[in-house]
Amino acid sequence: MLEITSEGPGLYEFTAQVTGWCADQDIADGLLTLYIAHTSASLTIQENADPDVLHDIEVFFRQLVSRDPGLYRHGAEGPDDMPAHIRSLLTSTSLSIPVTGGRPVLGTWQGIYLYEHRDQPHRRCIHLHLSGE
Amino acid sequence: MLEITSEGPGLYEFTAQVTGWCADQDIADGLLTLYIAHTSASLTIQENADPDVLHDIEVFFRQLVSRDPGLYRHGAEGPDDMPAHIRSLLTSTSLSIPVTGGRPVLGTWQGIYLYEHRDQPHRRCIHLHLSGE
Amino acid sequence: MLEITSEGPGLYEFTAQVTGWCADQDIADGLLTLYIAHTSASLTIQENADPDVLHDIEVFFRQLVSRDPGLYRHGAEGPDDMPAHIRSLLTSTSLSIPVTGGRPVLGTWQGIYLYEHRDQPHRRCIHLHLSGE
């Protein structure tokens, strides 16, 4: 399991932790599955060349999923909580990536990200599962 | 395979059926994959503590994906059908969850849901696959 | 690995290539995972009976994710690039489908699609992984 720390809404790259974990396993070829055990954060593979991409993604989601408390019944955990659940549903909780030669198949400019949707700092638990030969 | 009955758009929890199925398998540690063989319903993991969360999700999707027939060419199966396909694409058809000690790794307040997008009652087929040691 | 050619935004069915690939494997029952190694195209299972469904999906996404360059900082690769990253995040990078009797479990009207988000023609790499007995 990996623990990734977040400090507010946005994308946090942890590709190096994933490739490091894979390199430590005895399985060279197989399938890696990442799973985030939370309902207000998600997983995604995105371009890691230009940080503006990450900025634009967060701006888009901020507009798509309003934080206006008047729109929601569920508000006890703060105005960012219900939007976080919706953003989680619109993105991904699990992600599977083939592994060859001990490395996940990622393009040159691809990175693996935690997408945090809550305002407060969090430690997010990401489970990794590798099956193969 | 599990069959889950739905009666209109919304989220239907079936966590107990999934944990029961896992408990009956001979594999204690591995990876569980859920797959819904439909294009107008989806799968999600969401908070199961406050039913208002489920209500707010459905209200959001109802607004995000208009049911106005004038917006779509495909209307032969009713005004809820094309929005259902779009909602399916915006959410998930398959979901993978690590299993340890015979149980899927779920937090205290996490539940596994069928997200039904059609108006009429349906019986939805969800396939389960468990691999591991 | 499969290579699928696209010519502009839209859904490209490649179900036949996937079922053909599965038929050539030695594994009759297991789990098939598809993975697209790109951040501006995605994978989905959709209805393949009425081509209007594919048209309506693309119209919806074109409206949901604006191509107005004024909305984005990241624009160096053209006005379709940042929307493509967002569309990729709203849909799926990996997809898992149970396999029985050498065939993926698909309903009569279900097809597997590459969803291309870029304007220019592309050759997209889709990795396939099959585990099982």
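To keep things simple, chains are lettered A, B and C as they appear, and every chain counts its residues starting from 1.
Everything below uses one rule, namely that a contact is a pair of C-beta atoms (placed from the backbone, for glycine too) under 8 Å apart; a residue touches a chain by one contact, two chains touch by 3 or more.
Treat the numbers as computed from the prediction; the structure is a model and nothing was measured.
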Can you tell me the C-alpha superposition angle of chain A onto chain C, nearest 5°? 120
Same or different for chain A and chain B, when you check if over half of the residue numbers at their contact belong to both copies? different
Just give me the whole-number Å value for how far the CA centre of chain A lies from that of chain B. 20
Got the chain B residues that touch at least 2 other chains? 64, 90, 92, 96, 131
Residue ranges of chain A touching chain C (in the complex, touch as defined): 30-31, 44-47, 50, 52-53, 55-57, 59-60, 64, 90-92, 95-98, 105-107, 109-110, 115, 131-132
What residues of chain B sit close enough to touch chain C in their complex? 33, 35, 37-39, 64-65, 71-74, 76, 82, 85-86, 88-90, 92-94, 96, 127, 129, 131
